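In the two complexes that follow, chain A is the common piece, with chain B as its partner first and chain C second.
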Partner chain A sequence: MHSLRIADRSPTPCSPRRFRHQVPLHLLQFPQSRLRPRIQVVPLHLLQFPQSRGFDLEFKLADDPKIALQRYGRYLYDALILFCPSVERFGGSIDLAAIIDFFDSGHDLIIAADSNASDLIREVGNECGVEFDEDPLAVVIDHISYAVSETEGDHTLIASDDLIKSDVILGSKRIVAPILFRGIGHSLNPANNWYVLKVLSASPSAYSANPKSKLSTPPTLIGSAISLVSIVQARNNARILITGSLSMFNNRFFRSGVQKAGSQTKHEKSGNEQFLTEISKWVFHERGHLKAVNVKHHKVGETDEPALYRINDELEYSVEIYEWSGTSWEPYVANDVQVQFYMMSPYVLKTMSHDKKGLFSTSFKVPDVYGVFQFKVEYQKLGYTSLSLSKQIPVRPYKHNEYERFIPAAYPYYGAAFSMMAGFFIFSFVHLYSK
Partner chain B sequence: MGRTSSKEDAGALFHSLRSAYAATPVNLKIIDLYVGFAIFTALIQVVYMAIVGSFPFNSFLSGVLSCFGTAVLAVCLRIQVNKENKEFKDLPPERAFADFVLCNLVLHLVIMNFLG
Partner chain C sequence: MATVTNTPVSDLLKSFKLKTKQQELLIRVSILCLVYILAFIIRLFSVLRYESMIHEFDPYFNYRTTLYLTQNGFYDFWNWFDYESWYPLGRIIGGTLYPGLMVTAVLIYRILHFLRFAVHIREVCVLTAPFFASNTTLVAYFFGKEIWDTGAGLVAAILIAICPGYISRSVAGSYDNEGVAIFALLFTFYLFVKAVNTGSLAWSLASAFGYFYMVSAWGGYVFIINLIPLYVLVLLITGRYSMRLYIAYNCMYVLGMLLAMQIRFVGFQHVQSGEHMAAMGVFFLMQVFYFLDWVKHMLSDTKLFQAFLRITVTCAVAVGTIALGLGMLSGYISPWTGRFYSLLDPTYAKDHIPIIASVSEHQPTAWSSFMFDYHILLFLFPAGLYFCFKRLSDATIFIVMYGLTSMYFAGVMVRLILVATPAVCLISAIAVSATVKNLTVLLRSKNKGVLTGSTKGSSSSKASSKALLDQSQPFQKNGAIALLFGAFYLLSKYATHCTWVTSEAYSSPSIVLAARGAHGNRVIFDDYREAYFWLRQNTPADAKVMSWWDYGYQITAMGNRTVIVDNNTWNNTHIATVGRAMSSYEDEAIEIMRSLDVDYVLVVFGGVTGYSSDDINKFLWMVRIGGGVFPVIKEPDYLVNGEYRVDKGAAPKMLNCLMYKLCYYRFGEMLTEYGKPPGYDRARGVEIGNKDIKLEHLEEAFTTSNWIVRIYKVKPPNNRW
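Moving on to the complex of A and B:
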């Protein structure tokens, strides 16, 4: 169980095997428990594109008694997709603790809940940092931003385009069409601000309530606090996608057009496919996964790494940062990677410049303070894995023979002392040989 | 007796000092010149330190000490060589000069060490 958190040495260890054959386990729900007879939700498209991206998918029913995440202490899969919102108990050896261990050990997770989400799925969500609405019959309703359709009139099918602004999470191409959503909403615990993020939020006019009964008290989940799709990037760089709608993933929603109530534009195709493709790329580490290798530092003009520096030395620091592109490590390009020269507080903080091949470097002068410093790179950018590198290096003061031999400010004193000596010499001659 | 003003008194005092001084022997005047040179150099250093600051303080002390020490030793020599001094009537001036040289050697040894 290898935590990918860094100690004081080098950068994120990544085994290449993991990123070549991602094997997500897809847990489907047995269709019987659906309340309304409807065409079975078969997320065909989602199943196809991971396979075309080089993943090996395995499908199992949620109550299959033979399913297991690990065998003999090793995990069988790299990621887990739970498309079984109303499963009460998993079959085989999977339970809540097993799922928690799975993502604690750095593996990814996609969870889809829906309007009859079981307690188990709600608990999994709680462990990930989101809270689904407690009322089991509540769904997200929006009377202003709903999707215009002929059949559904209770405004539970909403069209949302309130997306997080991040190219690394959602891809560089803008998602133009709104995204269709029908299901339950969740809210995020504000203590996890950095780790849990809302990717798709509901509009300010949404609320979470039972569409069939009259509202007696104001609903607890309202407005933009409702998150429809959230992501979690944990400190060990495991990524989790949580959504409250399983129907978001189905073919019908992928192919249908969408028109948001109140706007005139009718989009031919909803944004669901593009959105889910791009975000699944992020979840499976095809984007935004960084590794830092080859930390090097040396004095300007030399090439090998000294064991310690002296104050007021000029030194150069460099590190190589790469980003996983799904198939290979590409050089990372950014202008905001900084290195600190740190001893209780950063004495030097410099932004590193890069040659476009992923080598980030900078040079600076060691401050006039001696002690044991660290070269620290703490890089946390939204949507990217966090880099936390630190390398310890002592800094010594001047040796007794490294000071300036003659201090220019003291030249008058030197002159005075020598002139006194000369004066004494001349005077003694004059005194002896004068009458 | 209050008919002479203080300015005339000062002038009279100054003139009498000058004439008395002109009567001193030449070798004593040479020693006086030497002492004046040392004190002047010390004053230059103090003014320099007041302007620039006392950064290499040891160098400042060493320079100033060399000037004052030289002045003090020269004054001692003058006292011992002056024939009008009753206390040193029996001291041969060569002995005084030898003491002067030895003390100056020690002084300059200390100065060079402390100069930094």
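Moving on to the complex of A and C:
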């Protein structure tokens, strides 16, 4: 199956975390159960896209009494998709803590909320660093960049093209058509989570409010502070996609044409399919996944790795970095990978050069300070999994026999000492035996 | 004495019979042998009570380095850069220790192995201190003989063999520098006094080498290099300048200085540090003296000489002062170190250097510990001084000065009782020996008749006692007997006291604690070793352990893990950083711990067992030392009305700082004593104030069976923020 293929491709132990356990790759998905029955059948495209890429999908209803994420302490799935915005309680053993644990142990997550999102989904979002609009009936409204549709005056269907600029996250092919969105907005809470990023943000004219009632107080969420779709990549490189709209996964949205208000161009097909396919590739680590292998360091002119260095040694450091292309590990190419020689603060910080085959290397001189240093590579680049390598290496001072034995500056002193000795000898001789 | 008989057997016997002199020699040698053995075996209490193990804190470092020396040889030892301590700074071991002890132990080890005794290096280390204590008794004998007579020498040997002041630092297992250093100290002094007495270059050369050994063994050599110049100065002032002194001092100083520079840790301090300048000044003064003597010899005119003297002395003093001032100003001569200051001014450390004041052995000495360590010697010491003053010679002046200065230092710092002990024993020995000798002479002279009494010894004191004796003939014999019995009683009391002190107080290894149970049975708390063993077995090999510096040596030696700070308190800032982490709130502390890559935190807690020298009782020092470098830590924050409390009335910062949390985590639910509420701290006798302790960034990893050592693991940072 798929997992075997992956295992063949990544035999090294440094392969991405998700391929380490050679269990079949499952995606567990919760279509909405009784509350909004139509959704059960609607997102046909969505159901196809991961399957066509070799994932095993398992569908469960949110109130299925037997659903569980793990059995005997091992996770059954590699990723979880929650399409149940209004579920108050899951059946089986899943609750907020279980979802968080699932994520914290390195698995991926797609969460779709909607207006009327339940407290549970809000809390999951909260744990991931986003806050949905507190008003349960609020949706994102935009009177300027809405999608032109049959119903005149409905400005809750938004056509947004304010995407994050990252080829890694969204694929190299530009998403031309605007993306249709209808649902609840959220804001990022960086105090709660450093790793959350806006992928699709609302236009400056958007605001979040209940369209049915009259706006009495200014809305709390306004403008481009509203995030429509956000992603999180945590410390352990697990990835989350959070969106406030379930309907953006809808087949109708996938297929329908889109025309942004005030714009003449009418796109045959909305950007939803391309956007969601590409970003799901990112979430499922098909793109933007780096691995570093073969960390090596040695003195210049040698090949063996020493147990410790001496101050002022010349050394070479190298590491191989590969990027997962979705099918194979390709050499990673970048000019901004830096290595630190670190003891409480970096003493050396050098950008490594690469040979286009994935080998990054540099050479530098050990500083004139002894202590326990670390080679550190802290590589965090937008969209990529973060690389955090550190290797401890002590640096010793000179040994007693590594100093220069005779230094020219001291010759006067040598001369003084020896002439003194000779003079004393002669003096003693003369003093004792003269006369 | 020998009786005349005719039989061949008795002839044979007669040839075996010894003359009085030989008899005396035999007795003396056998006494010395017995003392030698006694000095060794009295120090074995700890081995019998516990086991053959290294004691305390510093000895663990010495043991670890000795082990390294045996395994890797001298050059690796010399160049050893230890990255397991003082993370991440590391420590150059070879350049920051006195190698004398380790080299001595390894030498003994090698000799034993050469003789095919397959002993382990640990046994050698354990028994090094007793062995050197035995050797010290021999030196004391010779020293006593040099300054007074053989009798005083013998008594001195006996007294020093069992004196608690010395035993406290030299029991088996107390593998510390002082163990060999006291031997070296006394030996150097003996050789120097011998050199002064004889004026021989050979002796003074020997004393230079003795000094070299002392420098290689202990930082206390500074005492020698200051006492000897002081002594020389006193001799100069009192007009006892002689060629003997000139030879002895110059040779000893010049050679001793050159030799001492060979020790890496000392290096150029001999010519650069303020502590050594007195010796140099006296050295130059000696030359001036010699020169003046020569000029005086050449000039017959006294008036001319007076004028010359005035000019020379003024010039010499001026040049000396200018040189010293320039040296100080240019920074070439370093000022006195804090330790040295605190010796001269006992309050200095308390105000300026909390790290020195925090060490218990640096505290001013309590009166009781003088009584405890010296017993009757405390009363015999002034008597001995009296005798010394009565018979002033170059040698007695030396011992008087040694006794008085070291007594002063012993009063300033508890640990320096050790340095004073040989002097006290020697001076007391003079008192005992002289008194007993006078009394026995009295008794004998009574028997033989008054006139034949004075044959040897100091004639003046004898004459006076004789004069006295002539007047009060009837009581004199009884009085003498009574006094002899009194002396015997006191000395036997001294012996029992010493044995008792050794067995009860000074033989505890302090790493294994012993207590009496409710039924009088012996309870052993082996928690330290339990914890270190746990560390060794259950943590990654490169794990970094943060603890207060007291436990650093033990963690590296027994737990084999990297520590942040240890007992070699060379970097005050680093220690203060740890002190700051311990006295901060948990979320501030975690930042510090992350910056130091700390994986585990180890605290010592005595609340369950009533062990009082735990981290909570040491905590105020952490606050002080931390606050000395980081002013955000303020001592009053941890006190309530100047009072240090851990109960409900404690300061809020105290109740929530990291150290409090780590010590009392889960303690609030524990019943320690019958009839007391849960969370009753037995070491401080109060119910703790914060029973509901939650840890956010740390988790309990291990707590020993009696809760004495608690180890916490630093959690990795949260996955999402």
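Please note the rule applied: the second predicted complex is superposed on the first by the 358 of 435 C-alpha atoms of A that agree within 3 Å, B and C clash if a C-alpha of one lies under 4 Å from a C-alpha of the other, contacts with A are read in each partner's own complex, and residues count from 1 in each chain.
We take it that a residue touches a chain if its C-beta (ideal position, glycine included) is under 8 Å from a C-beta of that chain, and two chains touch if they have at least 3 such contacts.
Bear in mind the structure is a predicted one, so any value in this text is a computation, not a measurement.
Student: Of the two partners chain B and chain C, indicate the one touching more residues belonging to chain A.
Tutor: When the residues of chain A touched by each partner are counted, C comes out ahead.
Student: Which partner does A:A307 reach: the first (chain B), the second (chain C), both, or neither?
Tutor: The answer is neither, since A:A307 touches no partner chain.
Student: Between chain B (first) and chain C (second), which does A:A97 come into contact with in this model arrangement: first, second, both, or neither?
Tutor: A:A97: touches no partner chain.
Student: Under the stated touch criterion, which partner chain does A:P412 make contact with: chain B (first), chain C (second), both, or neither?
Tutor: The first partner, chain B, only.
Student: Return first, second, both or neither, reflecting whether A:Y195 touches chain B, chain C, both chains, or no partner chain.
Tutor: second
Student: Using the superposition on chain A described above, determine whether A:S434 touches chain B (first), chain C (second), both, or neither.
Tutor: A:S434 sits against chain B, while chain C stays out of touch.
Student: Using the superposition on chain A described above, determine whether A:G423 touches chain B (first), chain C (second), both, or neither.
Tutor: After superposing on A, A:G423 lies in contact with chain B but is clear of chain C.
Student: Looking at A:G129, would you say it contacts chain B, chain C, both, or neither? Reply first, second, both or neither.
Tutor: In the superposition, A:G129 contacts chain C only.
Student: For the complex, give me every residue of chain C touching chain A.
Tutor: Touch residues, chain C against chain A: 75, 78-79, 81, 83, 87-90, 92, 542, 562, 595-596, 717-721.
Student: Which stretch or stretches of chain B touch chain A in the complex?
Tutor: 26-27, 30-31, 34, 37-38, 41-42, 44-45, 48, 52, 55-56, 59-60, 62-64, 66-67, 70, 74, 77, 97, 100-101, 104, 108, 111-112, 115-116
Student: In their shared complex, at which residues does chain A touch chain C?
Tutor: These residues of chain A touch chain C: 103-104, 127-129, 192-195, 232, 234-236, 238, 308, 343-344, 370-373, 392, 394, 396-397, 399-400.
Student: Which of the residues in chain A come into contact with chain B in the complex?
Tutor: 407, 409-410, 412-414, 416-417, 419-421, 423-424, 427-428, 430-432, 434-435
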